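Got a structure for you, written out below as structure tokens; questions coming shortly.
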Amino acid sequence: MEQIKVGVVGATGYAGSEICRLLYSHPAAQLAAISSVSFEGMALSEVYPAYRQVIDLVCGTQEEVVAKSDVVFAALPHGLSQELGAQCVAEGKAFIDMGADFRLESEEDYKAWYGGTFTDPALHEQAVYGLPEFFREKIRGKKLIANPGCYTTAVPLALVPALEAGLIEQEGIIADCKSGVTGAGRKPSQSNHYPELNESFTAYKVANHRHTPEIEQTLTKMTGKPVKVTFVPHLLPINRGILATCYAKLKPGVTEEQLWQAYQARYEGEPFVRLLPKGQVANVKNVRTSNFCDVSLFVDGRTGTFIAISAIDNMVKGAAGQAIQNMNLSFGLEETAGLLLCPPAF
Amino acid sequence: MEQIKVGVVGATGYAGSEICRLLYSHPAAQLAAISSVSFEGMALSEVYPAYRQVIDLVCGTQEEVVAKSDVVFAALPHGLSQELGAQCVAEGKAFIDMGADFRLESEEDYKAWYGGTFTDPALHEQAVYGLPEFFREKIRGKKLIANPGCYTTAVPLALVPALEAGLIEQEGIIADCKSGVTGAGRKPSQSNHYPELNESFTAYKVANHRHTPEIEQTLTKMTGKPVKVTFVPHLLPINRGILATCYAKLKPGVTEEQLWQAYQARYEGEPFVRLLPKGQVANVKNVRTSNFCDVSLFVDGRTGTFIAISAIDNMVKGAAGQAIQNMNLSFGLEETAGLLLCPPAF
Amino acid sequence: MEQIKVGVVGATGYAGSEICRLLYSHPAAQLAAISSVSFEGMALSEVYPAYRQVIDLVCGTQEEVVAKSDVVFAALPHGLSQELGAQCVAEGKAFIDMGADFRLESEEDYKAWYGGTFTDPALHEQAVYGLPEFFREKIRGKKLIANPGCYTTAVPLALVPALEAGLIEQEGIIADCKSGVTGAGRKPSQSNHYPELNESFTAYKVANHRHTPEIEQTLTKMTGKPVKVTFVPHLLPINRGILATCYAKLKPGVTEEQLWQAYQARYEGEPFVRLLPKGQVANVKNVRTSNFCDVSLFVDGRTGTFIAISAIDNMVKGAAGQAIQNMNLSFGLEETAGLLLCPPAF
Amino acid sequence: MEQIKVGVVGATGYAGSEICRLLYSHPAAQLAAISSVSFEGMALSEVYPAYRQVIDLVCGTQEEVVAKSDVVFAALPHGLSQELGAQCVAEGKAFIDMGADFRLESEEDYKAWYGGTFTDPALHEQAVYGLPEFFREKIRGKKLIANPGCYTTAVPLALVPALEAGLIEQEGIIADCKSGVTGAGRKPSQSNHYPELNESFTAYKVANHRHTPEIEQTLTKMTGKPVKVTFVPHLLPINRGILATCYAKLKPGVTEEQLWQAYQARYEGEPFVRLLPKGQVANVKNVRTSNFCDVSLFVDGRTGTFIAISAIDNMVKGAAGQAIQNMNLSFGLEETAGLLLCPPAF
């Protein structure tokens, strides 16, 4: 079979470079062109010496990427994807957006949280939200895919089965999340300067993070009733990984057994969701560099609280890996193609 | 003034060695004797080379410590402090217990969570719980002090002012806590082996940690009505520090301003509680090696949720520093004596 | 082509588990059986939850491994491989030893540094030393391969081209090496307990490490004249990687250009050695989880000193990856089979 | 006694802020004024929240600092200290320079390595080099002190006793050094961005670092004959600390015993040098936040090599602590005043 030609716009950012890494062992797609505003003319392996002799492709322009590719992944600052997406769609290319431009269905929410507008509402109508475990059938064959954010993958994967099955209250849900530093991107800043972040731990954007409406959109859609979430992200002094510790009030009479059954039924056969055995807790280290999401369940009988803890690699299932999973669905490939990697044990 | 003679039983554990470090610059107390079952006959500086030429005292027996001291700090495994405490009290020594034996007032709770019994209930009657910010007047002059645990210091300091002032609901409180590794002690284990813990993050003893009844005891006592808490601890790949992210439902009509006023009133003049300005978030790095507890407040207006985030050094305000603060109160010294240290900025 | 059946004895140690991980994506070999004394009866994914749904093979006995495999990798404590190696050879299996039993050709050195004897000298005669870049032709088709240690891979790859070409003095060579913690194995110890090792850095076994005679054996063999090395290893607070900073006195009149030419000629076409461009320095992060060895060269004209700095992943090129490279040579497969992985950039 | 009034120019950098921290517990000196170009008008505790309620002094201008102080510490970029030093000396203030402007006696070296000139050679004549263990008597009472760099403290403290005693060759000395990240300063950069540095290790400025001539100046001065050093610094993924592993060729017939005697004689009574017992190795963690320099000695009899390994906290003995030690000498205070702190064991 002919290889799908893949282009990456913004390839030198963390998400972009991770797409390139994963494509290296993809059986049916190959990296055809990459672009970078900051590093045009440089090989990707000059920016990331880890890639020397592996991915020595040179960064060109966004135009070149579009011209050479069947599918374009765009890792751009929020707001810049709408125009590029329109162009790709017009030219018959698939477009998978790593940014937030197409994630929210409500323009009002987009304005409130991102300060932008939908420049082409009809285009937004075509976009599908790329969380395959919940929207798989909608994604198949689509050409315009909004790839979810990292927290917005981890939290719904932890909570949806319980919400769908009506086992927890929709009011009072709390998502206490902790992310590795790569989630903040490659640009140096005071707060991510090594001596400031090392041996530190804190929360940020408390109850004020832009992923809040996106999480609520997914939970609401899957439940059929409005769901609000108190969302507090924290910054871990590690490179990769998100742990989402989610709390919800059990509905009266619900048993732990019912919860386990709901999750087992929901995730049976899912290639990338690993429901852990009772008593085990998800850990970010066990999913590192892989597309897995580990999910673990607990009930606090003393307080009537359900606790679901999920772990993903924010750069893989939370970004690049999920994007490739979406590409596979879009092009009719095996959904797991290129993503069956064994995470290192240490 | 004559120096108070201090003894430390279990000096080679993390909490014990930290008491020794802090006493080194105490103006009115000096280390008189130390003991260790594992390292008897060795100098403390052989066990911790950082202390070379600073604390070269040799570990003797528990008996020697009692004989030579005016006050005995006991960092012993749970269950072993009751007998030693009885002996110290009988001999007129002050006894400050770093373990859990005297913390819980309810023997039923002690049985349920620790599996032990109160060998001398009359002795328990004499014990006072050493959280000075809430029980200062009861601690003054007392000879038998139960030093609180780490989580059990951080969570009440975050929540009590709001509970006392009746601004939050007593139902549905969640304490999502994250601790550095020293909290697990000095004994090597698989889970704290460097390559297993480095770049990892997970929860442990989910809704099942022994500090739960101790947290509830303090919150209940300060509120006058029973309070239950869902408590989930996590393990951070850093050495020191606890961040407690606490969630509670706001009572109807409560304003953010009321919350700030309650905390300001409560903590005004407290030497070791730093209420951070609005917008700043507590960070474990800012309290490292110090006796400070930083407290930060947030309100999620969208969901009606109060969020209080506190940070302590689990080995200082969460153990050794608080113990010295209690000693100061017990002996009528300046409460801050020996504890006015500037935490390193990095 | 029929898949080669691979067995791993000692699969739950770090080196053993890493062999299993790499085999997961090997096109011509598959994991057939594993054993572990400590975890017999448990799935590898119970010991390493990262492997869940990826490598769920159950640990059996050493006997089962031998019976089911075409090639046996043995990650055993030093001294235990001789008997197993003899058995495998007798049964016509290939045997790749991760330990030191077959590495040293001199029984005298083995006695002096390991305190053991050659139980079957004829067997040692059959063993070949598995450093493919220098002994490739000897390894092809062989059934008994001594896989080198980690330092003993990094140091010769840094120094051999200069020694072979006669550009540096054989006297006075210094190898100042720094290793990640996985090199010390999976068994918890005080020195590798997280709070003791985190934010620490020191040397160990100064001029007294068992890899010294093995390094000297390779350098001597490649040079034809006896070479001695002052070797000082250090322990880095990271999981993976060795950086070897090697110093040697330049021979009179030697130019930097000559050195570059010698290395370029030596390593041209080597799939796993990346000679870095002038000015770049090898970094352990760039080879992490891969079989690459990065080599960088410097000359201190002020003092007439040659400095070669190499970086490997101690668990891959320094252990499991090199072992698979040796298996590929032994079985006549493509030497790079299963090892063409893109190292993560972060 | 009246307190010495101390000013810090450049107080918000790492070295400057560390001077402020140490002064907090100094018995005879107090922080009178601080300045910062970047943070003028802000409290030091706004820049470093760790200092809240401890050092809330507000950053003013350089002029204010000079006006209010008896002694000025200048933590300025290289090249800016000469003018300020001249001003302070003219006004009768003591001036302790944390930068390199007054460290090198040879203007030729200064030009070659820093690209600057001596704007006032007579001023340079007055400057004394502030390494108290070797130049104590020259420092006493002096008003213009060049505080050494970090590597330039660690390497001479490791090597001088052996050189002075004529036990090692002056040719062929190698200093393989490893530094924590704070040595690179507070300004964010790509290479010190957390995800790039975490789990990484490499060398930098190989045989090309500006501390080279300064190290050689001290060794030459203490030996009376020219000494050259091959110096290679590495960057450790930790916050604080330098480990210097120094290699030299033993002179013929020299015994290990002679070396120990030379070091014991040299460092007897030194308050901040801890010569470790035979077999122990210096570790950066044991000197963290303290002014100690730990020194450990080894002989490789196989190759005739002497190995001295020293450890300091680069920000204390390698910067701020040593500066205060120099102030104490300059003002006739107890040399250890303000510096007798117990380093944390973990």
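Going by the order they are written in, the chains are A, B, C and D; count residues from 1 in each one.
We take it that a residue touches a chain if its C-beta (ideal position, glycine included) is under 8 Å from a C-beta of that chain, and two chains touch if they have at least 3 such contacts.
Nothing here was measured: the structure is a model prediction, and the numbers come from that model.
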Subject >> Between the pairs A-B and A-D, the one where more C-beta pairs touch >> reply: A-B
**OP:** Farthest from chain A by Cα centre, which chain is it? Let me know.
**Re:** D
Subject >> Centre-of-Cα separation between chain D and chain A, whole angstrom >> reply: 47
Original post:
Taking each chain's centre as the mean of its CA atoms, how far is chain A from chain B in angstrom?
Top reply: 39
Original post:
When you check chain D against every other chain, which residues touch at least two of them?
Top reply: 14, 182, 195, 199, 237-240, 283, 285, 288, 346
**OP:** Flag every residue of chain D that touches chain B in the complex, lowest number first.
**Re:** 14, 17-18, 21, 24-25, 48-55, 182, 199, 239-240, 274, 276, 280, 283, 285-290, 292, 294, 315, 340-346
Subject >> In the complex, chain A residues that touch chain D >> reply: 14, 180-182, 186-190, 192-195, 197-199, 237-239
Original post:
Inside the complex, what are the residues of chain D that reach chain C?
Top reply: 172, 174, 176, 178, 195-196, 199-204, 206-207, 212, 228-230, 232, 234, 236-241, 243, 245, 247, 249, 281-285, 288, 298-300, 302-303, 305, 307, 309, 311, 346
